[in-house]
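Common to both upcoming complexes is chain A, partnered first by chain B, then by chain C.
Let's turn to the complex of A and B:
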């Protein structure tokens, strides 16, 4: 495998259930291959957050339902990863802002990198490949009233050097995108297109 | 006085005038130098700008310009004897140009009568006294102006004489020497007081100019000065990564007998500069940032697996802060549930508040029973501490998190289930919607076509309906965890011939429900139950309903009554639509290594499958075929008549001993096993395989000896 290939990385952290969306990586890879000419690895990678291997992946995905408590090594590597141009995409698999993942993950991110801010719907993230006029696409889970029974208008983020270093989602893309990519043929509109925007943004900013 | 003597005296006057002109140029230069220096010093005292080098350079340049200007105007070297005579004539008009006329002569001579007459006339006038007096006055004036300019330069340069100790060296030693110097007359008296942030409860402290001090960020430095604000300046200069920044003036408020200025210390080093007419004094301040508390969890010292839900676990930790720990606690979060359903509860075990100590120790005991922990629960424990920083905090310190896990009783029985990709779509099967459209079209044509045609077309649609139902059954069986092909190779209405017993036992809706019942733990009556149904049945319910409806539709179509099939076909279609929008169930386990076929996704794949060319099997030669048929018949006879079958196989073995020894050996093994009452299956299988193989090889080919 060439090192120049884009490899979708799923973050493995000590606490919680980091592996709760096992098929999301394949789905995003499928979308990247389907719509772009990006040289993409056919399968994702699992990388410990405390490992220096994090620095090999421009985009890292993190999800879970359970409390997030970073270790000191994880905090240090996360800070280094974001300072060096990495993009961490964090998704709340509980889709519940009153849930413990949201509370603990945002607390940890704030402690390490600073407060989360709403990402405007005009942000280049929503136009990096596909255009999402209304900001982040909704998921069936929030539309069905699960979790906190809210449709979140914004994603949140933390910027470093004029670019997003962390994107935090309460929309539960982990559930929305965790299906086998072969099943995309049953969808009238591919709901994983926003994943392409994330990848393109991470690679170009 | 002779003409020559007169000319010599006039020459001395000219020389005096030239010296006075030179002195005047010097006075102008010194005066301009002093003026610029004075202005620069006044600016520096009040604003701190411009720099000394700039002031000196400006003064020198101004002086040089002045010299050039005055030299060009006075032209000292060009003062001639005639100019001196004219200056004298202006002082003594009674000379009546006699001196000027004499000076105009190129060469004066005592022999020339005109020269003698002019000299005699000039001698009668006392012009020398007037000229000497005027020269004395001009000399005095020039010297006085020169002295004044020099004095101004001395005044302007005096402050630098002291200040260069600190400003040039910028060292603490120089500042200290300056502070130790007795206060000269005119120096402003000022006291400096350090006010630490209120939350630290630390006392105020007196500082002095010349010190280098470390103070807590957020502290206030107060300077109280005596006397008037005029002639003094209090400046603060911040340090930055690129060096010292621009000094800025500190606001000072007049007090009863002086003034007061305050500076809040931020997060960068600063220099506090008090400037007066005498010089400048410095106070260097480096900030110390209040650090966050350091929390350490001592017990449990590692993540723990606890099987006993009534266990008591000791928890302890310490928190330390450089000022004081305001509060500390051991907090926990308990997570229960799995999959998509999780519940949480949190709390604190030991809490301390309002302490002023720098070190706090916490200890408590975790009572798992009192906390209501159940198998499968997960508990996170950590120690948190806040300091009392009200300026930029309070800062939070957290320890590493320890995890206490209560394993499920079936944890070791669980298996990883990976989601499978969907089965490939059988494009030869008509969809339910297409079948419905065909049936509706047939029903509309019934009045116009004869009954045999209706029956024929209805049967054809019924056959397609049955095939679709078979596809649906495969999906249902796959979801229920059974073998997708395990329903049967044939099914009711598929056009094949099977017995009624097979149909009754294998292809009815009841059989499917029984399969679901087996897969879900024996819950009966699933289709009629809406509560307490297992997730597997809940997900498959729409498909089972569609399966039932298809069964009704198939029977109506095969009975030649397509009109009766419309309603169940519509029900089947609606059920399939419901199944499509049904909620998904996510099964957790080891993350599957899903590999995307990039070539297929990008539609650039090529058919690279290589098939081996098929070879036609040669028919067995006649003797071998006869032997093989006898072996197969003998084996088949074993089920019905054991004794006869053994005799037949013994005869076959006898015939094969010479031609096919391996076959004879296999038959011998099988017969021995049968005779001894042992399992002869493997030996019989080997014998059958050898019998069906071309054991008689052609000339030159090696004899195949069968399986090893």
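Let's turn to the complex of A and C:
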């Protein structure tokens, strides 16, 4: 019997460093299980972008620091994935709009799916479970002296068939959410709550 | 030696004798003619007459080959109707009227007439539309048209066919005139789109069922349970209401506030679709189509095959409730079943995680998934408005949805007789020749022959 529980999937692509945030999945899974009734698999999955297995994970996470160049098979699968209702969440691990990941990843996404647009801070994404009045929550890494040292007010997105198919972040959630899950208890406010919003939005939009 | 006068007298006598012979023979012949005419008159009067009948034919277009006024002037008591195709409604009405007036109708056909039946009904797709169903034993080229013109054409095979067409302008007509004719019309108004409430736990299934229905144009309210204290709702109402909702789709994990209200909702005329494990809910036991069995895994990779639902997990319906009807079977197990509950209807779908079909299926999978869900919902949607059936113009006035069935109902089925019909035609010709020997002509012939015979006898000096 198929395991139809929600499984957090990390996209594996042939260029760059797709596995730069190995602890992120565990923290998002922990938050989803902690706050919701979602039947969630205890461990995430790693899915090659060019594989048909992508279609079994309608929400997928992609990150990296290095330049991104999709293969033809990856481009074709990404287009199919988004057209059928998949949602790809892409986070720039460099949090640098002048960085190589941002430049190459947005170029690839634009080429395959169309231009990125700012997502309004009133978007249902910010109210799908927890409420984030000001839009995407700021990360402690945005002003850490690395990257562009900017607070990014908006996430960006690409719509396909009237639905959000790609969410692109320059906020470096990859660093913010990539810590040992045991350390979450030391946080006064759980910084992975926006991850719950992402998952709930993907499951209910 | 004989004198000249004697020679002349002998010659005169011989001449008179010769004339007498001729007159005698002529008189005899007239006498015999008179007797023959009397015999014929007696035969005509006392022997049984060949039945008088009129033969007409119904052509391939379902219309009689003689004008109606001419047929109405026929004096014969018997009308033999040969049919190449079932008569249209107008012809059938005429024949019924003739039978009602006391004439004996004899129906025959050179071969078994091909049955065809057409049904047109409003389909409750959000985008509107009609569903055309055709049943036929023989092949037929079918043309679907509406007030705006030809909509589609297709060939009906021997197993019958079902097809759909989109929204129509005015009445829809289906014709198979090339072989046999049938037509059904539906005055299609703008259908009131049924609002759907989707209730379930948070899952990819609920997310993609909602997406499929919305993409197909259904207005959807949703009530999705995220946690014991949080339910995400979409639309104005998160509980079933007959004033707002026509259908409720119950997915696994549906909130009890919804499931508890469903028995009353369906008895009041609503439609309910119970999906997968949701059938195990005790609150739905009274309205489900059957008890669910243990979940059976789908065949890996089958979602990209010609039978994509074989790739889905199945919660089979193992014990059908009374009055339930099986709609779909997979590998010998009931996958979908329906039943009526009060004024409403319930469809129980055993398939679980149909979203995999949409996401991982072949190129047509998203469309097929949408259509399949629409067809499931169409099966339970309450008909708020009556479906108006009727012909819209004179041309289609006379066409039937099932011409052969209408013929059987109104007049009976024709007998198939090929050789017999030829024999009947032969007898018909004989009777027609005898009709030439009219009684009046026979009487006249008798009188004339007898008068002539009497005159000749007088002339010969016998009378």
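General observations
In this text, the second predicted complex is superposed on the first by the 202 of 205 C-alpha atoms of A that agree within 3 Å, B and C clash if a C-alpha of one lies under 4 Å from a C-alpha of the other, contacts with A are read in each partner's own complex, and residues count from 1 in each chain.
One rule holds in what follows: a residue touches a chain if its C-beta (ideal position, glycine included) is under 8 Å from a C-beta of that chain, and two chains touch if they have at least 3 such contacts.
Predicted model, so just to flag it, every value in this text is computed and none were measured.
Superimposing the complexes on chain A yields a three-chain arrangement in which chain B and chain C fit side by side. In the superposition on chain A, A:149 makes contact with neither chain B nor chain C.
Within the superposed three-chain model, A:110 lies out of touch with both chain B and chain C [touch as defined at top].
Shared-chain residue A:29: touches chain B; no touch with chain C. Residue contacts after overlaying the shared chain place A:58 against chain C, while chain B stays out of touching range. Once chain A of one complex is fitted onto chain A of the other, the partner contacts of A:38 are limited to chain C, with no touch recorded for chain B. In the superposition on chain A, A:122 makes contact with neither chain B nor chain C. The superposition-derived angle at chain A (between chain B and chain C) is 30°, Cα centres, a multiple of 10. Comparing chain B with chain C, more residues of chain A are touched by B. Legend: residue contacts after superposition of the two complexes on their common chain; A:179 is shown touching chain B, with no touch to chain C. The overlay of the two complexes leaves chain B and chain C separated by a minimum Cα distance of 10 Å.
In the three-chain superposition model, chain A touches chain B and chain C at no common residue.
Within the complex formed with chain A, the residues of chain C that make contact are 201-208, 211, 215, 222, 224-228, 230, 232, 253, 295, 297-298, 313, 352-353, 355-356, 358-360, 365-366.
Within the complex formed with chain C, the residues of chain A that make contact are 1-2, 4, 6, 35-39, 52, 55-56, 58, 83-86, 128-129, 161, 163, 200, 202-205. Listing the residues of chain A that touch chain B in their complex gives 10, 15, 17, 19-20, 22-23, 25-26, 29-30, 33-34, 40, 42-44, 46, 65-67, 69, 71-72, 94, 99-100, 104, 111, 175, 178-183, 186. Listed in rising order, the residues of chain B touching chain A in the complex are 333, 335, 340, 342, 344, 346, 378, 380, 382, 396, 398, 400-401, 403, 419-422, 580, 584, 586, 588-589, 591-598, 601-602.
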